[in-house]
Structures are given as structure tokens and as C-alpha cells.
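Paired with subunit B in one complex and with subunit C in the other, subunit A is shared by the two complexes that follow.
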Partner chain A sequence: MSESYGDERANIVAETSAVDQLAVIPATFGAIAFVVGWAIVFRWISVTDTLAGIEYATLLSIGHLLAAAVLCAVGIFSTTGIVDTEPDDSTGLFTALAFGAIAFIGVGLTASQTLGTGATVWFPTSLVAAVLVAGVVLGVPEDLGVTLPVAAFELVVGLVVLTDVIGPSWVWSPNGFSASFVGPIAIAAFAMVGSLLCVWAGTNASKGFGSRGRELGAYALISTYAVALLAILALLIIFVVQNGLNQVLKGAQLWPFKLPFVLNGYGLQYDVNGIFPAIVGTVWLVVGAVVFAVPLAVGAAVYLTEYADQGRFTRIVETATNGLWSTPSIVYGLFAFAFLLPRIQNDVTLLTGQLVLGFMLLPLVLITSREALQNVPDEYRDASAALGVTQWQTIRSVVLPAAIPGVLTGIILGIGRIAGETAPILLVLVREPFSASTPSVLGSFHFTATAPFITNDALLGPATALPYQLFAVITAGVGASQEFGWGTALVLLCVVMFFYAIGITTRIYFRKKLRQ
Partner chain B sequence: MSQIETQTTTGETEEQIRDEWLEYEFDGETALSVEDLDVFYGNDQALQSIDMDIPEKSVTALIGPSGCGKSTFLRCLNRMNDRIDAARVEGTVEFAGENIYDDDVNLVELRKRIGMVFQSPNPFPKSIRENISYGPRKHGDIDTGLVARLLGRDDRDEEEELVERCLRGAALWDEVHDRLDDNALGLSGGQQQRLCIARALAVGPDVLLMDEPASALDPIATSKIEDLVEDLAEEYTVVIVTHNMQQAARISDQTAVFLTGGELVEYGDTDQIFENPQSQRVEDYITGKFG
Partner chain C sequence: MSGASTTQAVSRSVAELDWSARIAGLVGALSLLAAFAAFIVRPGAVVFPAAVFAAVALYGWFTYQAETARSLTFLATASTLVILGVITVYLFVQAVPIARRMGASLLTSSTWDVHANRYGLATMMWGTLITTIIATLVSAPLGVAGAVFISEIAPKSVREAVKPAIELLAGIPSIVYGFIGFVVLNSYMMDLFRLPTTGSLFIVGLVIGVMALPTVISVSEDALNAVPNAMKDGSVALGSTDWQTTKSVSIPAAISGISAAVILGVGRALGETMAATVILANVTTLPEPLYDVFGNTITLTSAIASQYGVAAGRPMQLSALFAAGVVLFIVVLALSIVSQTIERRMQQTLGGEQ
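Up next, the complex of A and B:
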């Protein structure tokens, strides 16, 4: 009796066996190869750099081979019963199809590019290979189906790189394709694909396959994806900062404070040309668009959610707004050029830019505001109505305050998009992209005795904006260097982040107000 | 007693409702007088010609199985059903000598005088103080805004007095008097529900409608609400919907039993309804044979 009790315990308490530790090797290699792959893509290291006297390419290929050997061993140990595992009878259709697809791509590329066979040969060949691989994976028990295909992939990749078939100097220019792929990128790609497979197979094996293995395998794979995503974001920002920081800090000093690139205009009178007019232009564009679009959009959302009968009309409006939101921005630009421009001064103006960006902002703020209003519990409306409070008062003092955080989310997202838009303002905003003069909107309000009583020359004059300036540098190199463009990009990034910071801070404030 | 023989265990029966089951003689004034009230949701009839007089300053319990129309009936009494597009109400409900379904009825005034407390506690995401003063502020009875203060009207003392009176009225003052500026969502479920009662008291109602106010609460919070309801009946007319028959028996003065189909089957003194029901179906329901 006590013996069988002990057996049951053994099933509940996880055992650690040799296979657990062994399987960690490919998983660890996967994690390292993942990082190295990214480093190669971003050219922090070169495949021909050496570590302890060995080139990275060689190191990676040795890693691939090691992982292949270990995975192979784990699979065989498991299936022969040397180590205790709980594999399912089949690897599962999804995994089989995934390996089939990898086989299809691998065999197809080899047959068509290396052996030079035509479509009549390579297509059936790779199809047969894919079906074969998928069938075998589907047919064998899980411990073999998980480890052996990954081991095979790693073996092939490791050998190909180690024997210099695809080495650092390898170049592949596919027929009828203007791009060409070079060795380092291929090696990095191998490292990254291999790393995903190794992480998955290694973690899966370390829990002895079965449902626990699949659980950990899936978790590890998804975590790797998440890290990859964050890495892409971080690397993007780091890349821009790396390239732009020098330009931004050109001639800068702390005391007396000088940041000429950010605070100067562009002209002969400056020793360091700057982008201050463009920064101010972008800020005014965003402010104007928000002032124009947010009241309209929130008002419309209130009407559609609180007053209008929910039915065909609201559905049509919803579809239309979704369509407007996905309309390409160049279409807005053309509309502004053909419709707004002739009606406002018949010349490029800041106001036209603000309006067209406002048009672009409208649908998103409308959609998100509507969602936010719909998420306000009906209990609040009932409670307020039961106190004899009218609908409008209820909306103003209960519903809207509860919806503000959601509305702000929409505004934040929208600003992120419009601040960086070039296409809509391409035709309506700019007379000279590199401007010496800054639009002084606040200082340009003049009161007159006759209609229209208030005038503002800055709003009705041309301006420039950061994304436009960037575009001008890239396309024509108009008067400025590449560094100038990188500096502009960095500042644009900072301006957008600044708007985000404002939006998120306000949202935190309003959320707190609702919660405490 | 032929209806007893046709009785089935599910409570489906040919039993005819007799007028004397609905006759209820009481001393004192009538607060609400319902006459021939029908309610339709689209094509479904939710209430079938209800006649009922509700005495003032007492607790009237509405009981019955799910879907019997008791909540619908309650919502008719302050026209909350107006908020449901598909609902159509026919008949009259007389309050203070007027039919509240007349076209020229002022809904704001009506709901100020007939307040409502809902099934799940629904305080606003505002401070305790703001929850109480919300109604009076919106009705212009209290104004502590900057403009009002500049114009020499400052109701902050009135507000303090009102908040204390309503919280005491809802037996919540002792628990929250030192944190009136905290968010109401930080209170426990039972406290939130008493806050909702206090919020309803703040607009100065004569009648309080309660829609299963304790069904989402634990036993201790429930007993507090029950005590409170009995106290409130000294000043207010309370109409309470409940699922819980013991609760109805404990706290109400008179009980109305609704059964499936939206019929009011029996209405009378609570003791009589629970000890000696005249309808067989009501007896089956109360003794737990169905429902």
C-alpha cells in the first residue's frame, strides 16, 4: 500500500533527470544564438570578428552542430527508455505542418538555386520532401518528432556554415530579383530561426515532452517572440539615437546653455544650421489638429452613443469612420490641396496643414471615444436617472469623466500618427523646407476694428515640419547632409515621445481621480 | 376546490385569481395607487392589468419567481421603464393625486420624490461626499462652485449637513465619517449599497424603490440593509423587490406575490400571506414547491 502511494507521489512531484540538464544545452544555445543573430543584423559584430580566436560564424556553426547532437541524443535516450519521459504517440498536426513548411522552403531553395532546376523539378521535389517530413513527424512519437527534425535542421545549417558553403563572403542574387543576399545576413538568419527551434525543442524536452513539455515549449517560444519584439523596438530607437545624437549635440554646451541644432533656424546667419522652425511647426500642427478634431469627434461620439437610436444609422457611421481611418494619408493630402488650399488664401498655410491633420485625427478619436463611452457601465446612467438628473447632466458629470481615460488613449494614438505624417502636408504646408523663420502663432493674433476682428498671419502663412524636412533630406538632399536628416529624425522621435508623455500623464491623472 | 385537483407540481394551474385575494384594507394614507397596469416588451406582455394600492410609510415587499415581472412593476413606479425603448406601459399609477404617466409629468420632480436603489451597488466613481451631494447639486439645491461663491452663495455648510444627515439616515456615518473624500469604489459591497441608499435620500424622496438591494451582499451586510429598511419605513414609503422570502417576511408590512406570466396573484398583510395564503399557487411558491 505504502509503495503504491510512493509511486503516485513520484508522478506528482517533478523529477529531474539527466535529460533535463542535457536539454538545457540547445535551449541555452538558442538564447545565445538569438542575441548574436540580432547583433550581426545590426552590425554590432561582424561574422568575421573573432571571439577567443575563432570567428563568430564558426562559433555559431559549432553551436548548431552541438545543439543537433544533443537534441538527437535526447530524442534517442527518450525513445529507448534510457531516460524517463512522457511523450505523446504523435507530435501533432500543427508541428508536423510547420516542419513540412520548413522542409519545403529548404529543399525548394536548394533545388532551384543551387542545382538550378526549373519549376517543373524543384516544385514537386520540395512538395514530396515536405509531405515526407510532415508525414514522418506525424507518425513518430512526440520525443522523436520534436527533437530529430530540429536536430536535422541544425545539422544542415551547421555544416553549411562550417564548410563555408554559405560563408561570410557568400552572395546570392536570385534571378529576376534586383536585391542580393549576403553571407552575414544568411548566417544571422540561420542563427535566429535555429534559435527559435532550439529554444522550443530544448524546453519541451527538458520537461519530458507530453503536456508539460508542450506547455513550457510554447511559453519559451512566445517569450522569445516577445523579447524579439521589444528588442526590435529598442534597437530602432537606439539606432536613431546613435545616428542622430552627434548632429543634435553639434556645438552644444551646458553653460551658457546652447543647443544650436534644436534652437537655431536654417540660414546663412547661423554657424550651425538648426531645425527650430520645423519643431515649432510640428508642435503647432499637432496642437491645431487636436483643437480642431477632439471636440468634434467627442461630440459626435456622445451623440452616436448616448442619443442616437442604435441601428442602421449608427452602423453606417461606424463603417464610414473605420473606412476614413484606413484611408491612405496621401489621399487626405490631395484632398487638402484640391479642396482646402484654394479656399484658404490659395497658398500654403499652417492652418490648412492643421485642418487636414485634424481630418485624419477625427475618425480615430471618434472610434476610441465611442468605445470608451460604451464601456461606461449602464448602472451609472441608471443611478443618475433615478435621482431625477437629466440625460445631458448625466453625460457631463458621470459618463464623460468615466470615459476620459479611453478618449485620451485615442488622442495619444492619433497624435503618434499625425505628428509623423508627411504625405498630407506635402502639398499644403511648406514653401521652404529649411526655414530660418519660426511661425509665431501666439504672437501673431491681431485685433482689428473690422471683420474678421481677429487675424493671425502666422496661421495663414507657410510653415515647415519635421517629417517634411526629413523627407526633403532623403529625397533630394536639398541643401542638407545625411547627418542633418538623422538629427531631424531623432528630434521628431523626441517630439512624439513628448506628446505621448503629456497624454499618458493626463490619463494617469484622470484614472487616479476615478479610482481614489 | 377543483383547482387543487388540477394542480401540477410545477405550479402550472388553471387556478383563477379571485378579487378578494387582492383586496387589502389598511389604515393610513395611500402613497401609490396602481390601476390596470399593463407592460409590454415588444409583443410580450410582462405585466397583466395590475391593481394595487401601496400604503405610505410602510414596507411593501414584492416577491415571486424569476421573470414574474416584479422588477418591471417596480420600475414602472418611477418610470424607469421609459429608458427601455421596447417597453410600453398602459394604465395609471397615481402618486400625490396625479397620474405619473400623464404627458405633462415632470420626470425630474417625479424621480426626486420617488427614489430608487438597484440590485448591485452602483456608486459613481467619485468621492463619498460627491456621491451624496450629486443629486442636490444637479438640481441646483447645493452650489459650492466658484461662481456661486463669488456671487455670495456658499452652500458648503449645507452640503456638510446634508452629507451627515443622509449618511446617518443610511446607517453609514459611523463607518465613513473620517474619509468622506475617499473614492466610493473603495468601500465594501454592503457599504456601497448603503451609500446608494444615502444618495437616494439626499434628493428628499417620499418613496424609496428597492430592487433586490441585498441580493449581491453577504449575510452580515444583508442584515444591516434589512435593519435599515425597517428604520427607513418610519419616514419613507419603501417598496422592495426580493427573492428571499424570509427577508420579505422579516421586514415587510404587506406582501404582493407575483407569479409567472406577470400576474399579481395575492396581495395582503405579510403575516397573512405567509401563514395563511388564500391561493394554492402562492402557498406552493411560499412553501418551496416551485419557483
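Up next, the complex of A and C:
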């Protein structure tokens, strides 16, 4: 809906005032300080590094002070009527409470840590300060209530950093916590909190306060956060790629094709140790889980959607399925350890791993298949029934084919999930995580004269898997093998992301098709 | 359907069948039961009844396909109940010895003493509680804000790119997060926050919170998206800004879906194993003082994952680990039921004529 109204409103509110020009300054400072704060946290820059001969700490504090001054001016211009704004009479309860909370924390920390007062002094003091701040913000018109508290915060923060009260060498070790807080982290935290406040107050003021100002302020705040979140999650992936790529490409060449890390085993005979056995192990785990779980899940989904009356029975099954879906993976592992392991060879086996992952896959596929079947329009079933086709024929030839894309999507996403799981197979799959040989499941079937008449040493023997191997790198103690771990992490990430990407793409494609 | 009508329906469908089908059905059902019983008691013998069942199913498929299909899908449905039942039974049975030995102090005692053979879960429960609280403080507000951004603020083109990207990020395996936490964050915290040991509840909570974030965003976004456009348009038509509409119409209307998403995130955080196991040093003592979130302790999940190996020769310790599993299982199941109830209520409120 927002798209259709946005343009027209922009036409109505076209005039600009001096306030928007001025308010851009704190908003811009906020955006810059936010990035600088993160850069300090990520240690890309240090607070003592210099830009144009001035330390970042000093630059930031000057920015804080500048923002404080400008916001103060904006508030005063607006309230004295020098510029035209449309503030509400009160600032609003939520904003007042937020500023009260900031005052509580600030005064509380100063009183208890800097002045060293006991709880009987600092608690009432900071409570009074909080109530005072909240009351004042609530009482004054919106233009003052938005700008002045932020300006006050910026002023205090700027002065504290500029006068070196909290400088790069400052350390605070609070009582009762193992951690110490050092100056650079405090400066970065000030920069981030201050910058968010500045972005909010600046954008709010630039629209002349009022409901439109609040809208822009909130949108700017949330958008800043969203961009930061996406950037951090993207950095996470880039970080893994950056660290793992060297290892994955070690000794690789295009012609004749060689990718030793991916295609070798782990042992003395290899010049580059690789993870091929783990990849094959993961593939077999997934294949086994799919063979076990998908028929059950799809069958159950068909029964629940097509045959069962919607009532208590279906609701119980639904609750059970959702319960299975949310059961922690380590609980599946424990269950397999207690139930499956003693019954299958009484030892770690590939088959047990496949079964336990199948148990996990079952609810994932069941829920998505059910959704897919429910999304098949009833007209299809009615039309088929009207032609005299029996219920089973209808399900087989009309309903199931129509639901196949949804079912497939569910299976693919489920595979992505279980392929990366470590906890369930932790207790039941592996004897030697760094293995030289790959399990050859297809070649190991043997017929015997006694029950169970058919055996498979590969299925009934231990295997290894990608996520387990990564875990083993960690427990074995890093150091020399850390590179190996990054490589494994990258390959695992690629495998899982591959399944997710296919699953999500097909889902988007078929949803679009359905809507046409 | 109620029990009586189920019986009626079954007897009606049985009455419609001829004799050979009835016998086949009976043989199939008995052989399946026998196979299940054999797997529990004597797994080696499971092949015989299983073969009989397969033969009956094949016979049924070629003679009475419709009935066979119906029975097989019913069996598949029943299997989900059976699986949940078997998981419950086996977890509880394994946890009985330690519950007998410790009584109520199993949940309140913080001793984890291998020599005295006494194990209490209080330390692990505290660790899980703290990490879950931190993770929820991270994932709930940020998750809802992210959902508001995607569904209400972002332009259409951005939304269509960001939503799948977020779903993709939900797939990053937890062991990868754990590896990053172990290699990078632990040394970062020791370096910059001067922690005395590697690993802290704070970092685990933070990592788990970030890990749960995409799920919370994605599910809350679905809830916000499910709010009928008519409601939003009505608000805008009355002169509200988009933000006022979001704040006063969309979020309140979707609040049950959003809370279901948050509960889902809490469940994820509770059950998260690998990140906690590899980041924490898994010491079985409570942090001193209790509220020291930078302290190093253990969670229910990491206790299981880090101790099952050493517990192999000590039945009581193993039983205590199963008790930890039971606690996790019950809490997560309860959360799942609560979130389903909330979601069902949302469907009733929003499911009216649009």
C-alpha cells in the first residue's frame, strides 16, 4: 500500500524550510559516526588512528558537540517560531520513557562507578533523574522534547571523550563481572548510540516534527538498523569465504581438473589433506534420510489433507508434528543413542545417522507438504469428482501432481537444514572423523544365508560428515588445522546454501505462477 | 473427529470390503505391529515381519489400490505420533535412574560430582536461561524491527531481494557460527574485554541471538504480511501516516503472529547446541556471582554434547544427561504448544472475510 500513496504525499508537502537544511547536519553526522563506531568494533580502525592529523576519538567528540549545538539551535528556532514547524504539544510517552531509561543508566553508572556510592544512594538518585527527564520530555512541546535531550546526550558524550575522562586508555572493571570495558569500546558505543539518536532527531526535525517527522524519524532509524544487519550478515559470509578459499583452492588446477581439498581423503598418502569422505558421508546421510522420511511425510500429509476429517485427530497430529519440528537436535541425538544405537550393531553406524536425520526431516517435509496440498484449489478436486473419478484416482492424478512443486521445495529446504546438523549425529555416526576412505554403500550389499539375509558393511559401519568434521577440528584443538577448519566451513556453507538457494528460488517461482 | 466417529468410520470402511481384503488388512496390520515389537525387543528378527508387511502391501497395491493407499497414508500419519511417543518414552526411561537418586534436588542442586556420583542440573539450567535471555534480547526487538523494515518500509524491489536473502541466512549451519565464535570471537573478547578465560555466556547468547534473527524476522514478516490490506488502507484513508498505520494497526493486528515468531526464536535458542558447546569451556560450576554474564559455565545442550563421551562408563552421569534432554524436550514442547495456540487465535481473528 505504501507505494501508491507515497508520491502524492510528496507533492503536497513540497516546501522546505531552514530547519531541514540545518537538521541534515546531525543526521549526516549520525550516519558517519555509526559506520565509524562499527569500524572501531571490528578493529578496522583504532580510536588513536588519525585522519588529517586528528585522532578519531577527537573527531568523533567534535562531531558529537557539533550535533549537540545544531540540534539545540533547531529546537530553539522551532519553538520560538523563527522557522515554521508543526510539532505536537507533547513528545509522546514512548520517547519520554526511552530518554528516562538513558538518564537512569547514565546517572546510575556515574553515581555507582565513578563516585562509588552504594545502592542506597545511586538507585534513588538515578530513579529521580530518570523520572525528572521523562517528566520534562513529556511536558514540553515536541520540538524541544526531541532535540534537547539528544543534544544533552551528545554534549555530555562529546565533552567526556574530548576531555579524556573516557579516553583510549580508560578501563572500567565493574564489580562482579569478569569483563573489563576499555576506552575504545566505550567510545565506539557512544558513537553508535549517539549516532542513532542523531539520525532519529535530525530526520524527525527535517520534516518539521509532527506525525510526518515521527514517521521519517522512525523509518530512518529502522532503515539504518536494517542496513547494518544486512551488512553484518553479509560480512559473516564474506569472512568465511575469505578465510576458507585459500584452503579449498590449495593445489587446484583447471586442466587436468584437480581440487585436492574437496576430492582427497585425509591421510599420509595425500599431499593435500581433503574432506572427500566427509562430503560423501553427508551425501549418504541425506539420501538415507530422504528415502526414509519423504514417503512417510508425504503419505501423512495426504492422509491429513485428503482423507481425515478436520477435527481432534488432525489437531493432535499437527501438535505432535510441530512438537517434533521444534524438538532440539541434540534431543534427537540422545534418542538415537538410547533407542537406535543398541539395536543397530550396538555401535556407531551410517544407518543410525540416516535414520535420526530422517526423524528430523519428517516434520519439516510433513508441514510443507501439507501446506502444498492445502494450496491445491478445491475446484481441481471437484472437477475430477464430477467426472466420476474416484477419490484415490483424483489424489494420484490431480492433487499430487499439482502439489509437487511445494512438496519438492519443502524437501530441498529440509535437506539444507539436516545437511548442516551436527548435534543429532554427534553421538551415533563417527568413529574417525578424519578418514582416508569413503564409504561405498552401493558396492557393499551382500546376501547371506541367515537373517537378515542382506547386509551392507558400509551402511552398518561408521562414517563421517562435513559438520562433524568441523566440530572435530575444534575439539582436536586448532592451530595447524585451523586452515582446514575454515576450508571445511566454506564447503559446508556452500553445500547448505546451495540447497537453500534452490529451495527458495523454486518457491518464489511457483508462488508467482500460482498467483497468475 | 471424535473417537466414536473414528470407530464408526473405520467399521464402515471395513464393512465395504470383501473377505480377501479384510484378511490382507489384518495380516498387514499384525505384521507391522510384530515388526515394531521385534525392533524394540529383538532387532535381528525384524526382517521377517517386515517382509510379510511388504508382501501384503504389494498385494494390496495391485488388487485394492485405493484402500491400500488410504491405509498406508494412515500408517504414515500414525508414525509421526509413534515417533514422538517413542522419543518421549526413551528419554524419560533413561532419565529415571538419576531422578530416583537425586529426587527433587536433580533440578535444584548445582553439584556435578563424578566421585560422589551425584548430579544436579541447576548449573546447566542457569546457563541455558542466561544464554536464552540474552539471545531473546538480541533477536526479539531486532527481529521485529527487521520484519517491519521488510514488510512496511522497504520499497518493493528491495523487499523482493531482502526477504529471500534473510531466508537464505537462516540456513547457515550452527557449527559454522560456532567455529567463527570459537576462532574469532573468543580471542576478541579476551583481547578487548579482557576476559580471563575463553568463552562466556554473553558471547554464546549473542551468537545464538544472531543465529535466530533470520528466523524471527522471516516469521514476523509473514505475520505482518498476513494483515489484510483493507485494514491498512482504512487507516491511511483516515489520514494516518504509514508509520502511524504500522504502529497502531499492522503491529497490533499481527501481534500474535509476532509473538509466535519470538517464541519460535526462544525455542531455537534453547535447543541450540553446537555454538554453545564449542564456544563455552563447559565448566560445571555456576558463575560467581550468579549474574556474571561474562562468566564461563555450561548449558543443558552443551552438557550433553560435551559429556556424553566421558559419561559412557558412568551410567548415572549418562542418565543425568538424559535428564537434561528431558528438561529441554519438555520446555520446547510447551513453547511449541503455546506458539501454536497463539497462531491459531491469530488465524481466527484475521481469518474473517477480506
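To be clear about the criterion, the second predicted complex is superposed on the first by the 412 of 516 C-alpha atoms of A that agree within 3 Å, B and C clash if a C-alpha of one lies under 4 Å from a C-alpha of the other, contacts with A are read in each partner's own complex, and residues count from 1 in each chain.
Heads up, the rule we're going with is that a residue touches a chain if its C-beta (ideal position, glycine included) is under 8 Å from a C-beta of that chain, and two chains touch if they have at least 3 such contacts.
Note that the coordinates shown come from a computational prediction; the quantities given were computed from them, not determined experimentally.
Between subunit B and subunit C, more residues of subunit A are touched by C.
Contacts of A:A449 after superposition on the shared chain: neither subunit B nor subunit C is touched. Contact with neither subunit B nor subunit C is seen for A:A119 once the two complexes are overlaid on the shared chain. Residue contacts after overlaying the shared chain place A:D309 against subunit B and subunit C alike. In the overlay built on the shared chain, the residue A:A338 is in contact with subunit C alone; subunit B does not reach it. Within the superposed three-chain model, A:A385 lies in touch with subunit B and out of touch with subunit C [touch as defined at top]. Contacts of A:L268 after superposition on the shared chain: neither subunit B nor subunit C is touched.
Of the two partner chains, subunit B is the only one that A:P377 touches; subunit C does not reach it.
Using the contact criterion defined above for the overlaid structures, shared-chain residue A:A402 touches subunit B, although it does not reach subunit C. Overlap of the subunit B and subunit C contact sets on subunit A: residues 309, 390, 393. On subunit A, the positions that touch subunit B within their shared complex are 309, 377, 379-390, 393, 397-398, 401-402, 514-516.
Residues 1-2, 5-6, 9, 39-40, 43-48, 65-66, 69-70, 72-77, 79-81, 83-84, 86-87, 90-91, 93-94, 142, 145-146, 148-150, 152-156, 162, 164-165, 167-176, 178-180, 182-184, 189, 192-197, 200, 202, 210, 213-214, 229, 232-233, 236, 240-244, 247, 264, 267, 270-274, 277-278, 289, 291-296, 301, 304-305, 308, 321-322, 325, 328-329, 332-333, 335-337, 340 of subunit C touch subunit A in their complex. Interface of subunit B with subunit A (complex): residues 78, 80, 83, 85, 107-112, 115-116, 118, 120, 122-125, 134-135, 138-139, 182-183, 185-186, 196, 199-200, 203. By the touch rule above, subunit A contacts subunit C in their complex via residues 1-3, 5-6, 171, 173, 176-182, 184-185, 211-212, 214-215, 218-219, 222-223, 225-226, 229-230, 232-233, 236-237, 239-240, 295-300, 302-304, 306-309, 311-314, 316-335, 337-339, 343-344, 359, 362-363, 366, 390-393, 395-396, 413, 416-417, 419-423, 426-427, 451-453, 467, 470-471, 473-475, 478, 482, 485-486, 489, 492-493, 496-497, 499-501, 504-505, 508.
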